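Chain lettering (A, B, C and D) follows the sequence in which the chains are written, and residue indices restart at 1 in each chain.
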Amino acid sequence: MRTFFNFFRDAYHNIKRNTLMSTASIASVVAALIIMGIILILAINVNYVVKQVEESLEMKIYLSDNIADERVSEIGEFIKATPHVATVEYLSKEKALEEFASWFGENEDKLLQGYAQNGNPLPRSYVVKVDDAAYLENIYDTVMAQEGVTDVVYGKEYVDVLLRFNRAINMVSFVIVVILSLVSLFTIYNTIKLTIYARRDDVEIMKYVGASNAYIQMPFIIEGSVLGLIGAGAAILLIRGAYTMILGMMQVNAALPLSTTLAPFGMVIYQIAIYFLIYGFVIGAAGSLISVSKFLRTSR
Amino acid sequence: MIKFENVSKTYDGNELFALKNIQLHIEKGEFVFLVGPSGAGKSTFLRLILKDFDPSDGKILLNEINTKTLKKAEVQRLRRRMGVVFQDFKLLEGKTVFENVAFAMEVLRRDSKTIRKRVLQVLEIVGLDGMAERYPVAMSGGERQRVAIARAIINGPDILICDEPTGNLDPRTSFGIMKLLENINKFGTTIVMATHDKQVVDAFNKRVIILDRGLVKGDRQGGYFY
Amino acid sequence: MRTFFNFFRDAYHNIKRNTLMSTASIASVVAALIIMGIILILAINVNYVVKQVEESLEMKIYLSDNIADERVSEIGEFIKATPHVATVEYLSKEKALEEFASWFGENEDKLLQGYAQNGNPLPRSYVVKVDDAAYLENIYDTVMAQEGVTDVVYGKEYVDVLLRFNRAINMVSFVIVVILSLVSLFTIYNTIKLTIYARRDDVEIMKYVGASNAYIQMPFIIEGSVLGLIGAGAAILLIRGAYTMILGMMQVNAALPLSTTLAPFGMVIYQIAIYFLIYGFVIGAAGSLISVSKFLRTSR
Amino acid sequence: MIKFENVSKTYDGNELFALKNIQLHIEKGEFVFLVGPSGAGKSTFLRLILKDFDPSDGKILLNEINTKTLKKAEVQRLRRRMGVVFQDFKLLEGKTVFENVAFAMEVLRRDSKTIRKRVLQVLEIVGLDGMAERYPVAMSGGERQRVAIARAIINGPDILICDEPTGNLDPRTSFGIMKLLENINKFGTTIVMATHDKQVVDAFNKRVIILDRGLVKGDRQGGYFY
């Protein structure tokens, strides 16, 4: 009985013997995974940054001077109950004036004086933060419909651009991911095809001896999956290295706010690692299987 | 056992007949020499038996079964009961001599102890003792040919097909190999062997089929008459 | 005399005969160029957007109420003369008040009334646009040192983040470009090595006949460069197609402000095309030369 | 012309001597048969003349020049004046028969008209007329061997090295090829030919060098005495 051990021994020997072929296969897995890894990390980072920007967005809800304090708290409760509202902060007329006056350097006193005589022109307001910028427009509509709310301000143009930018980034990176994935898959498939082509004599000879298809395919599949796993391992190490390097460069260049947004990936890399290993294994095994099966079908 | 019924074969891109209307019967246990000039169709004849390809016309019966109707798995089973020595040896360049011979037994799922014992035995018989761990590139032409012979005979096949098995061997070694084949034949293996070696054909008094330009030009007992 | 024509005829025949090898080589050139093309286009687009954002940045220079009108024009002249200042606009006290008051809905009148009695608290100012956000800090320093300037405001944190973001994007994309270029080069080199490996017997036989190195290398080099050119051509077409597709998708999804920033590349693609063809040619020829020379050196 | 001075050759990973202390002189214009059992060192002997590798010990002089000292370009020039028929043919599988033979002439930068004429001539001489546009895979063993012979002789080499040039040929074709080689030899080409073919060696009364396990076991005129 030919045991599995034999197949692995053969795979090991073949990989050692066909250094060139093996390196090529591993290289194309590494290449594919590095490309995907970079895109993945970039996409996650961009989303992360966009999320942070979104969360820092403020919406100001100005209240009429002509409503009672009860109504003000009522509106406050209503806002708090609105979906996707993260935090709500109340700004009294006095606080608003203080904040406002502080914008004017040497003319601050003059300004405050003017208001002291004419009454504070600044309205009461709620400052709202949301958890998703996409809902700002909805919230605007609901809150605006409340009696006693005079105006709601949230930098509509800015948010629109941001949302569109975000959507564009997502779309572009989706297209790029698809294209590059196809490119890498094609490269891997090609490489495996080349390596099997280089060993077509082996396949032919095995057929002459009456070897079953499974017998012929098995060593290629095992070899392919081993090479895929090795490639995945190499890619993981390389990406980790590059990531660390970029983090290092960023910290040297400047205390960037971005460097902190990259940090969490020290953890994420381990999740990526698992997917990479699965990917390497599957692509190596499947690529070999497809190539060698195709070859078996077309040859006699 | 092997029956050619009006078999013709033409290759793509070559309008000439490699074989034309061959009508032949080789009995179980026979030892047949196939002779004839270069390009006569000897290798084509052997490859038809092996079902390397099907005839363009007519049919080939192995044990009364038309080889054309065989399914993939049946072809595989058939080949496991055949031994083949190719004109160009066809050794696995990436495997050692031992592995080259052993894998023909592995296909039959024999256990590795039996394989090991038997392979070393056969290598000794063909005069390659001590070369088990060599790779084909590191061997002389005749040595490679003997690896191919070892692989062909290791499973004690029902049919042994040899295409010039002594083309790269000196007369003495050739004679030894021929004696070995004769022995195998005595134990029931049908042997069909294409050869140019007059000495060999003359020395062993067997049935001789003479091919010339795709036609059977003779079919008689003993002597290289071409 | 063996003419160049023969070499080309041979290259043509070899490419036709070794479909598998040829496709593989072309594929890896295409893969490399698509990757580089995408990165190139992305990088240019990001820079383009960042530039646009930079150019929309405003710096406000507030002037003291205690300086004469001559001094105000003097400061205006000085600002205009400062390097990297693109436009300068003067904002009078009245205009400032008008603009300011318009922010307050129902309280606008009350506000204006207050100022009519107490004097306009808003200072005169210059609104400056620059051509490069990186110089905002410099300009701040020079202008701030001018007598009569009370304050200079330009959203320092925002600009800092933007600049850092820009720098980070440039650095990250540089690292990515370097990594992916290496990856693609390696893949191409590997593929060519494999194809030459598959034809090692040819090389060996040629050596036995006493062929000179140049004679042996020439067909490989010609074949390599032809394959490289074909790959480059395919990559150009693919990128153009993908680009058009993305533009199309963007126009369908929404009238994005971004889609206009992408437009100019309809032209740029022709410039990229030339570089791609050069790249394909050089990489094909050089890759073949290196591989076959290495092979010639190591074999007998 | 070809001088072996105490030449020994061992291969990596094989402690046995493929050749041991060979002392030989082959004159210009000689026709030498190299015989001996499989693995005796015949191919090794021929490959040393071709400077496929250098001897492990001793030196080989071609026209009084130690082949070991030759630079790359000199080796190339030397090989252009040599013709070689390899035991395994070594044809370019991707080129047609015509191209396979022609490229040996292209290396000498002959013009394509001369090449065309001469190649077709030589193909006819070896009995392959009409097969110029075939690819090696589409040929029988003996036909391929004759392509290799055609390539070896096309430039009218100073030295012709043949490793079993008739191993895959029937006696009649062999005889024709041998006659051809004898003719070439008469016009001054030195021929060294390894062979197992007793009939051929016996029929052509030439110098016969007998190798056995790396040693010269005989060196005399005529007859396959091994």
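Miscellaneous remarks
Here, contacts are C-beta pairs under 8 Å (C-beta built on N, C-alpha and C of every residue); 3 or more make two chains touch, one makes a residue touch a chain.
This is a predicted model, so every value here is computed, not measured.
Counted as hops between touching chains, the shortest connection from chain A to chain D is 2. Farthest from chain D, judged by the mean position of CA atoms in each chain, is A. Computed centre separation for the pair chain B/chain C is 67 angstrom, with centres defined by C-alpha atoms.
Rounded to whole angstrom units, the spacing between the C-alpha centres of chain A and chain B is 62.
Centre-to-centre separation between chain B and chain D, using Cα means, comes to 28 Å.
In terms of which chains touch, the assembly is arranged as a closed ring, every chain touching its two neighbours and no others. Each chain pair that touches appears in this list: A-B, A-C, B-D, C-D.
Those residues of chain B that touch chain D in the shared complex are 11, 13-14, 35-40, 42-43, 87-88, 127, 134, 138-143, 145-146, 163-164, 167-174, 196, 198-199, 224, 226. Chain C meets chain A in the complex at residues 20-21, 23-24, 27-28, 30-31, 34-35, 38, 42, 62, 64-65, 104-107, 110-111, 113-115, 117-119, 121-123, 150-151, 161, 164-165, 167-168, 171-172, 175-176, 179-180, 183-184, 186-187, 190-191, 193-195, 197-198, 242, 245-246, 249-250, 253-254, 256-258.
Listing the residues of chain D that touch chain C in their complex gives 50, 52-53, 72-73, 75-82, 84, 86, 90-94, 103-104, 106-107, 109-112, 151.
Note for the complex: chain C touches chain D at residues 1-3, 6, 14, 17-18, 199, 201-202, 204-213, 215, 300.
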